[in-house]
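Each structure below appears as structure tokens.
You will see two complexes here that share chain A, one where it goes with chain B and one where it goes with chain C.
Up next is the complex of A and B:
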């Protein structure tokens, strides 16, 4: 099952390496990982997506809690949550394909962030599924390069 | 100086931990890091931002090259590049502040992705500076939670 973990940790050298080490020590692959500063520059927030057996993910969560520089671990996928990802995609855009590329970008509410005579670079955001959908559509036209952030997630708030 | 490294690596357990270990072994902090799949699911692309002495970054780049699962390392910040980051921000939005919050979101071309009676969750993308600007403006209104992806980057293409 896919798990999205949100981990609040001290922004210090070595912490990230200990966190990722916990996963690799179990031969457990990390599907995507993002880590960046929070409002408090001494703390970082790490979002990690892994496909794994529930029991092992629970075990890793417990071991994450034990790391001294880890402040909080939440398995966001246990409740309702918003997940988003961003990708930069450089796609072939020559005379004959440019109009079609722009139509696709428009449908997915992407933004062109760089243009050359042979390609467009596009920024697109959405769920992992949406990113996959635009990739699948642009691929036959010719994707030259792609960089994805990986997923970040936030728990949904009760509506009342 | 700020360096943005783009690293293409095998999508296997343990690779990420070896890469981050190279940095922590030198007491070198990673400002942000994103790693996710590429078009080829056997490969991942990692984008890493670090503030460090040029000589040490060069040394780390060389050692990254030596790791068997690392395919390509590029210091993107050596040339022209596009950099983007995404943040999810949950901001207090009560009767008196809602209109102002929406105005700010609109100016920064953000998208409201979740609403509760007391808060809006907003998706915003841009350079690290732009993300910092919206944070600085929303902070006095009341930011309840923030998750950032960290920077991803792509080299700009020659215009002709």
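Up next is the complex of A and C:
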């Protein structure tokens, strides 16, 4: 089972290494990890995607809590949530394919952020599935390079 | 309170925490701190190896319940302490380790004696710090002590760059430490207490399974009250020995791999298992699906990660053991049940338990004049009235001490349970003796383990810390040899100590007294001599024991705890 955890941490040197050390030391899995400062610059928010059965995820949550620098751990995949990833994709765009690449980018609501005579660099955001979908479509045309972020996620507000 | 040098502020912080004695070894990075220590009220004990310093601080912490402190220099000084830090971590012992570090401008430059000790010890400390700014120094030390001794205790390391220690800092007034992100739960959830008590009241075959958490939270009295109130038999883990009086009729001794037949059978047949401050370690549970298969499991632990980590728990109580047991005792007193009737209803169960003990008591085979190690431990128990502080090394010596010494009080057994660190016993004995100079302190050792930190005999001599080292000498690394005998076709790979020093001559070389016994008839007299000699000197006893004696009962790794090999 995939779980998306949102972890509020002290924004201090070495804290990320405590988190990753915990995962490697205890044999937990990190599928993706994203971390940045919050509105309060003394704190950071880490979004971590992991998988495991309920018992494992319960241990992960408790072990994270036990780290002194961790303030709050939420398994946001327990409720409704929004998740996003971003990818930068450099795709081959020669005379015969330039128009088609642009169409694909448009369909996925991507943006061209850099142009050369032989390629477009494209920015695209969305769920992991959507990013995977555009990659699958562009691959036959020729992807030269790709950089992806991990997932960031936020719980939805209750609808009342 | 005014400005002072960082090193002075550190010493003030130690005094503020009530620290009287610290253990350490100097070096370039901590030389300023040592300079100020010389004039301070803090008593410094110079060990002979940094591992010894941290073990000694740990030994002191275990017998007193206070925070032990060790001071090491940077680089190799700090790395030499790592095994001992991990030892304290696995057994949840409150210690603070101060390590020197190269000056901040040099950090990361591979400077002389530089090592990233904060990185190295991250997985084996409860928390650790690199103090990179002088203004953080005092608050960090106060926070470190707070973290070490509260919640589930543990070691906290503070890395102190040389320039930070030399800087003038403001020594602010001490206020209670408050941390937004660290607030251990002490009070039990009353709903859970009630649920647990109702289950206990219904139980026909209850067992109390008690771990080191009861000792750490000083809850022995509350535990004993609960056991007596309802006539519940008690078994203890290695770390829990002494939490309940070992000579009491309700005590079944230790459980697990080398536990008593009675304890393992009782857990297997129990209908309610009350785990208090224990963590269902693999050495306790054996094959996990066969552990207490019929029991409702109640688990009291201050650390939520211990709950349902290895064994699924039915009623968890995340709280301090002392607070929880107090709440349970109160609930039971006021629940309206007739407690005498409840006690009586457990009589058939108590009789079953007594039958197991009658059938398979803790035993060994007498071999005339060949010294049996169990006999030595029994004699130690008898001649010290079960009231000595026993430290141990690791292996067979440790198990024999646990099985045959009757620990009637908490904080009397000082042993490396979780990590199983050979070389622990002697420095821990020195720490314990420093804390209680009038106590009889005995390190039950093997000829293998004792050589891992034997250099600390010099420390004992220098400070007049007189302990008895009782070596059960079989010229083997006995526990591994026992496994090889039982499971590896007697192929004794690397377990024969072909060369062992003359321990009596070695004792003399260190200015201690050495006495050897080679026959059973000499044992009692030799122990009596040692108890007399230890008043003025450290004593090494070299007992030449039955070489291939094994530790029994034994549950082979991966088997159910009812599948014991008996004597």
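Simple rule for what comes next: the second predicted complex is superposed on the first by the 160 of 160 C-alpha atoms of A that agree within 3 Å, B and C clash if a C-alpha of one lies under 4 Å from a C-alpha of the other, contacts with A are read in each partner's own complex, and residues count from 1 in each chain.
Methods note: contacts are C-beta pairs under 8 Å (C-beta built on N, C-alpha and C of every residue); 3 or more make two chains touch, one makes a residue touch a chain.
Note that the structure is predicted; figures quoted are calculated from it, not measured.
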Partner chain(s) touched by A:36 [first = chain B, second = chain C, both, neither]: first
Touched partner set for A:14, first chain B, second chain C, both or neither: both
Which superposed partner A:58 touches (first chain B, second chain C, both, neither): second
Partner chain in contact with A:50 - chain B first, chain C second, else both or neither: neither
Chain B versus chain C, judged by how many residues of chain A each one touches: B
Touched partner set for A:71, first chain B, second chain C, both or neither: second
Touching partner for A:4 - first (chain B), second (chain C), both, neither: neither
First, second, both or neither for A:147, with chain B first and chain C second: first
Shared chain A surface residues [contacts with chain B and with chain C]: 13-14, 17, 21
Chain A partner contacts - residues on chain B that touch it in the complex: 6, 11-17, 20-21, 23-24, 26-39, 45, 47, 82, 84-88, 90, 113-119, 121, 123, 125, 135, 139, 143, 145-150, 152-154, 156-160
In the complex, chain A residues that touch chain C: 10, 13-14, 17-18, 21-22, 25, 55, 58-59, 62-63, 65-66, 68-71
Interface residues, chain C side, partner chain A - complex: 118-119, 122-123, 126-127, 130, 147, 179-182, 303-305, 307-309
